[in-house]
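Single-structure report; data block below.
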Amino acid sequence: MISPIHIITLTLGTAFFIGLLKKLNLNISALLMLVAIAAAGTISASWFTAILSGAANAEVFTAGFNPPYSINLLMGKGEALITLLINLAGFLGGVYLLKSLKERGIYTMIIYLVFIMSLNVIVMTRDIFNLFVFMEVASIGIAGLVILDKSSKATQAGFKYLIATGVIAGILLIGIAFTYYFAGTLNIDVIQQASIINFKAGSIAVFLVIISIILELKPFPANGWGIDVYEGANPGIGAMISAASASAMLFVLYKLAVLVPESFLQIITAIGILTFVGSNLMGIKQSNANRLLGYSSIGQIGLLTAIVGLKPFLGAQFELIAVSILISHFFAKAGLFWLSGIVKKQNLKDWAMLRQKPYLLVLFGIFIFALIGFPPFPSFLGKWELIMKLAHSHHFYILAFILIGSFLEGIYLFRWLGFSIKMEDANLPPLTVHWNKIIPVVLSALGVLGSGIYFGTITEIAASLKYIPLLFIALLYVIDFLPVYVKNTVSIAGIGYYLYTIYPDLEGFKLIFGLIFLAGGMLTLVAGYFKTGTRKGFYPLVMLMFAGLVGLIEAHTTFEFFFAWELMTAGSYFLIIRGKKSMTHALSYMLFSLAGAYLILAGFGLAHIGQSSYALDILASVQSFAPLVFILLAIGFMTKTASVGLHIWLPGAHAEAETDVSPMVSAILLKAGVFGLILLMLNMGSQFIGSFNIYYALAWIGAITAVMGNMMAAFQEDAKRLLAYSSVGFLGYILFGLSFMSHLGWLAAVSLSVVHFMFKTLLFLAIGGIVYRVKTKEMYKMGGLIKKMPFTFISVLMGIIVIAGVPPLTGFGGKWILYNAVLEKGWFFPSALVFFAGIVAFLYCFRLIHTVFLGQLKDEHREVKEAPFWLLLPQYMILMVIMLFSALPNSLLKPIGAMLAPIFPEGALEWQGQLAKSGFGYWNGQVIMYIVGGIFVVVFAWLWYMNRNAQKVKQFNIGYSAERPSLPETTHFAYNFFAPYKKALGFLVSPLITNFWDSASEGVHAISDKVRRIYNGNVQTYAFHILAFIVVVYLIIF
Amino acid sequence: MDFGFKHILYALLTVFIVLNYGLILQGIVRKIGARVGRRYGIRWYQPYIDIIKNYAKRSTITHGVMFYIAPVFRLTGGIGLLLFMPVIFGSEIFSNFSFAGDLVLVLYFQFFGVLGMALGAAEGGHPYSAIGVSRGLSQVTAFELPLTLGVLAIAMQYQTLNITEIVAAQQGGFLSWTLFTNPFATIAIMFSFLGAMGRSPFDVVLAPQEIPIGPPTEFHSGLLGVLQLNRAIFPAAKLILFMNLLFGGATSWPELVVKTFLIYMWSVFVGTVFPRFRVDQSVRWFLVVPLTIAIIAIILIRF
Amino acid sequence: MKEDFKKRTVITPEGKPLEIDPVKDYFSDARPKVHKPANPVIEKFANWARANSLWVLGFGTGCGAIEMRPLMTPRFDAYRYGIQWRPTPRQASVFVISGYLSVKTLKRVVRTYEQMQNPKFVVGLGSCTINGGMYWDSYNTINRLDHYLPVDVYIAGCMPRPESLLHGFEELKKIIKEGRGEGANKYAEEFDWYKANQKKVIKDWDMPDYNW
Amino acid sequence: MVRNSFRLIILVGLLVIFSTLVWSFNGNNELNSLAQFYTQQENIEAVNAANLVSAVVVTYRGFDTLGEVTILFLTASIIGFFLKKKLSDTQRKEVRESSDILVTASKILVPVMILFGVYVIINGHLTPGGGFQGGAIIASAMVLALLANPHMKFNHQLFNVLESISGVSFVLMGIAGIVYAGGFLDNRILPGGEVGTLISAGAIPLIYIFIGLKVGSELSNIVGNLQVTQNEQ
Amino acid sequence: MEYISMITGFLLVLLGLWGVLTQKNIIKIIIGFSIFDTGLHIVLVSIAYLRGGTAPVIDKAVKVTEAIEKVVDPVPHALVLTAIVIGLGVTALMLVYALKLYQNKKTLEVQSFNDLKW
């Protein structure tokens, strides 16, 4: 094992040595530089692995005297890891900057090497003055590297940086001097024993030291200088500052944290949280990529600072939390900065350039998701553990702020991702990529992925996760070049096989929802055969969503559940954003999902208080704050079921999605929320705030959702939007049914879930087929298509009869049960709304079928063909099932009832053959089917016989007040179809909720804009911030 | 209850009686309307002649399959509605298929014909049909809400959704009718009934002069004949429904005739007195007056 | 209006141009058919019904329409004879040409008549329908209605009183009951002749030949 | 005015912090344990440097010194890189000739100053002074020479080589400490000699020579670079 | 003695900071920074002072054996030496930056260098 000191001797020696080479050969110097950093990295790595496998920490004494008399360095686990990261970043950054460095000459390589060296020393040293010296080396190194491009902006940034760090270093020096005076030593370990914090002056000295370190970490609001550096510097340097330098400084803070009392740690936490929230808030308003990354970096570092401050509460999980979040930040931020250097454009909207090289887009996505903390990236684990521990230790405010900060970060990161995927890129220059710039980015993406999986495998809680679906996704990614039909077959086979393997384990709700998710998934995938070409990137994403969905079914612990939830969110986000014009909708989907996920996380965290296991049934025995847990989780799940207030993402997202994606995200994805709610209600049972039953509120929410959704649907001009709002409404019924907590209520809800899956898939595929043929979604631009697409018409007809709940089809069953449930429960007023909604459903049902299929065929559609076979096939498969369930209702309802019986033993339906009996009424679906069918056939036969010679006429042969129609457009009554209704009740659908969210968003942006004005770019203001920060924190502490 | 061949015969009998009753009722009501206007009026059997004439038309045109099927839907809806109710309380013969479903089925089955008719009308391609449907559906949503609440109040009152049981509970003197035991629900439902019958002031759907009788504007000959049959059966079925719910049902045909006739007269009177509402006006009216009364009914039942 | 019936080219959703000939594409081009009376027994019964259920199309083609209104009033009350008014030609069986018929209206009348279902009856109301009456030399009024439509009954007078109208309807009933109300079949049989006459007076013929 | 009062308030706040520190500062009546260790006889004799500060600087805190040297090196590099211009740009402007007094005096003083600098470096372990101080003196000499003769051009190449060689040597000696003595930068790789004599204190004089060379050349380099840029204005 | 120097040092620190915060000219800001730095060094040295102590150099005045009683603390002296050099490096760098800034905008007014903000 090589002594850790050689990390320093090697790098520093090389730095001095290449000074000799001067103009001899730049290539050799560059090579030497990289070799030196690589060697240093190897040393760190060897120590890291050695210590991990049990070797003792290495201590390095200098000058032949033992500490505290001389300076000593320590190589422990943390040091090894951080130096490894630093040297890794150094190496990759070196590769990345190779061209620039060579261009700028040998001096820059020297500066770079010395900078890396100094960071290593900062991490390892145990002497505070030595720390100071090498911090100065690092500062000066950064001041030198910032001006790598020698631009005016970089120079200004560097100057600000110099002044700021100069002032901070001065304060640090005073702190060190007095620490030395009071403790009589400079060695950290000895200072710790000297317990100088027991008296005020001593603690002030330590305070000055710590506050300087914190200031080096760029706490909000005293960090304008740091952000300016991120913006002004070459992105390669930004990467180094954000990844390497910040890691080192964090470690210093961690190292020095042992010196301070707990009250200090709280302040550190507070500062960290403030920084996290503050800088993410300001990031929202940014349009400059590097500056945005700066805000994000500072935010992440703030979070890590807070974690350091929280160390006493995090216990054994501290290392996992800190390291996983740090590593995510490290790789992702470095990668992003490097990408920024490749893109060269600073405006976020110009990042649409990335589309020219799809693999860059993939990398970009990986980094964004890693930063936000999606699985399987390490920060996911870290955030999970952090929230759990915070909840455990009753740090609710911190928990809330962390989630808020993460959410704010999500806003701008996902907006950015959206820009890059969907923004117009007409006028952007071509993107050129050099090998040396791309390799580090790829490696850091691999790094963050690999480390995530590694963390997953070593962590106890994550050990039970199944990675097979993820491997399957990876496989699909590998075969992405193959044509659609191959991949589609592989995907269907994959899902089918998976369903086959897990089928025996499924029972009850899991079986039902498993079938909806997986069998439904296969069914909708069948429609995918109608696409031609390769459909790049589609299948891995679809499978990602299904992997998440199936994960929900299979989850036994809250962790697994949340893991699956996030996978599903990620997959569906990408599916949604694939649609045309779906940038903003995908963003709002993501933001609502993210907020929902955080609420779920918080809910799980609170639920976990006082529990030792993570099993899902801990929800059944929540120790404290049970109503709060319930509300958090319920709202979280309701973001997916798009209940009123949280629904605004849905219409756009579903309407703009691709033909076969719409059923997936509408018919299947929404059920994830339902499944979550069912799990929640099953486990937690009734919840009361005081004497108020929360479920009553849920019933109202469900009812209002139903009315709003259906009413909105009735006023839509866009067919897919209409269907999307109809989903909102239908999910309202389901929520309403669930809130009853009775046998019948749940029977209705679950059967409606199944039915909703069927008819919504049917309708979205049918309408999708039409849109595919006529190339518009505006209903009033269609009309008369029944003659061109009779098969599609039949499926839509059946679909709307089911939606409307008209007997004899299966939709009526749900309505009937709902009535009985209402009578049993007695919540009449929300029920009235639900029934009203049910009738409003007629409006949009009729409108859908009339304006599209009936009325006047348009000029341009005279030669439209029937929808593709592959779209019709799944429709007719579903149609068969619908007819089966309609004729034999107990084939659907009886198993569900049996499943519900153990949960709600009272009030079950009594079955006599196909006759269902409740306490109030009875219903025989089969007989109704026969009777109605019988009458229908008789009347039809008679009429047909009577009019067998009827003359077929064309569309303008109508009695039109003795005139003749002139244009199909003016003869087709379709636009604003329910105008009188709108006149009467339109006020109900005024976009209050959209306005609310819009103004909320504007408010946040306005605050963001106001807050960031404190960074006025003047170095004196920044210096003032720094000093004021010190004084204020001082006043708070003392 | 088993489903046997005799049920079909019984059902045919019921349909036959009600059809004739409906036609005669139609004629008589028109006659009464004429007499109010000091006219002699049509002959009481004029509806029969009209139907025969329509079937006797020699030519028919068709706009497409749905156009063809719409009357079928409509008549199926009417007959179905009738057959899913017990027409005469206590009579096995005239209980028909009421064993297949309860009040909820009946309420929802009304829409079967409405929807089918709307589809067929729209298939005709006539803008006036579509306008009529738009108006009709709008109005339906409005009056259906107080109706539903009123029905819920009644079901709550009798603790059942079984129409037979509801009627049974009202036996024993007219004071045990819902009319007297639950007046608010009755008022709400009877207001909704006005909308359901589609007579003035809620007849903007058909508006003969504005949108030549709206949805059925393109129907003729045999197709119109089927619709006319339904126009006889469907209101009669609705009358029977409301009679069963509110006025103690009927234990014999004469009782049925008297009660349904009187109920029908309620809508005739209102229609004679009040002029036509615009759709938005009628929607607002239903959602203000009858709905308030229905809510009062619910509150009274609940507390 | 006329412009809308010229041929036009539209772009299909696939982006291909598509030529539309509205008159051909949007109107059925089947000739009216002759519907022979069925079994005499049934036909007799049917004729009785037809005669007792005269549904008059609410289309006042000329000044005589003003004389139809009193028929609905208590004084004359045509309803008692089974006469009712329908707003749509699809459902009507009697077409009353009420007075003078301008060429412009003739176009609408022809169209409306062809949209009525067989059997259908035409009543010429007033002298103008017989020989042009006071408009006999008008540049834009037709003189003999039965050159253009098969008329079942003429009611002479200028104007005929409502009583005359009632009488006319009674005459029509007789005709129908006797099975002579076959105007629709006559029109179909001699369609070419009628059409030629119509086209002779209607100079700007801009509608399809067959108006269903 | 408002801004300034805010600043004043903050500085008053700092004053409060500092005054608390001063208030609790009692001076020293005896050395603390660390200083006592450094001033113990056996330890003085172990290092053998008469100048205890030098002993601390070069031995006990030699690693700091390495950092210090690095800083200068770094600064020089940054300035060298930052002010680097393409040769074609370096057109010199006319500068005012220096006065006769300066020229004359510099001719006498510069050699004396360099000599003095060397003396300070070599005696760093005995008397107050050392590599930094000596190097600074040498650099001052260079400044003086520059002032006297604005047209003078330094041989940067030479300085660079000196700088690098001395830097590398410093590091190598540090490594030698690991190999031959107690640890990195242990100066006992050479015999200690006797306290107070010129050849004593192990490798301290040698290190000081390297430091002196390095500091001198770096500072001269910086000044030279600045001069070049100055001339470009 | 030590109090005087220490208070002086702190006053210089504050004075320097005042300069950094208020001066509009970059060169003056750098001068302020230098004053700040100098103040720090004085504070650092004051800490080392031992009442009645002498310079930590072994010579005729101070024998090897009695060094432990007579000399002042050598550590802060070593530290201040390092600090001075660091200060020198930073100051030099600042000056170079000032030079470059001046070259860019031909002004030394600090307000004109706020291209990066918000």
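As written, the chains take the letters A, B, C, D and E, and residue 1 is the first residue of each chain.
Everything below uses one rule, namely that a contact is a pair of C-beta atoms (placed from the backbone, for glycine too) under 8 Å apart; a residue touches a chain by one contact, two chains touch by 3 or more.
Predicted model, so just to flag it, every value in this text is computed and none were measured.
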Chain B and chain A - chains in contact with each:
C
Chain whose average C-alpha position is farthest from chain B's own:
D
Count the C-beta contact pairs for A-C and for D-E, then tell me which is higher.
D-E
Relative to chain C, largest Cα-centroid distance belongs to chain D
So which chain ends up in the middle if you average the CA atoms?
A
Centroid from C-alpha atoms only, then distance chain C to chain E, rounded to Å. What do you get?
113
Roughly how far is chain D from chain E, going centre to centre by Cα mean, in whole Å?
15
Can you give the whole-Å distance between the Cα centres of chain A and chain E?
50
Chain B to chain C: how many Å between their CA centres?
35
For chain E, jot down the residues that touch at least 2 other chains.
13, 17, 21-22, 47, 75, 79, 82, 86, 89-90, 93, 97, 100
By the touch rule stated above, which residues of chain D touch at least two different other chains?
7, 11, 14, 18, 25, 32, 34-35, 38, 60-61, 64, 67-68, 71, 74-75, 78, 82
Among chain B residues, those touching two or more other chains are 59-61, 212, 217-218, 221
Mind listing each pair of touching chains for me?
A-B, A-C, A-D, A-E, B-C, D-E
Note: in the complex, chain E contacts chain D through residues 2-3, 6-7, 10, 13-14, 17-18, 21-22, 47-51, 53, 55-59, 64-65, 67-68, 71-75, 77-79, 81-82, 84-86, 88-90, 92-93, 95-97, 99-100
For chain B, which residues are in contact with chain A within the complex?
3, 55, 59-66, 68-69, 71-73, 75-76, 79-80, 83-84, 97, 99-105, 108-109, 111-112, 114-115, 118-119, 122-127, 130-131, 133-135, 137-138, 140-142, 144-145, 148-149, 152, 155-156, 159-162, 212, 217-218, 221-223, 226, 278-281, 283-284, 287, 294-295, 298, 302
In the complex formed with chain C, which residues of chain B make contact?
34, 37-43, 46, 49-50, 52-53, 56-61, 208-209, 212-213, 217-221, 224
Applying the document's contact rule, which stretches of chain A touch chain C when the two form their complex?
773-776, 859-864, 951-957, 959, 962-968
Could you please specify the touching residues of chain C with respect to chain A in the complex?
1, 4-5, 8, 10-14, 18, 20, 22, 25-28, 30, 33, 59, 88-90, 108-109, 111-112, 115, 207, 211-212
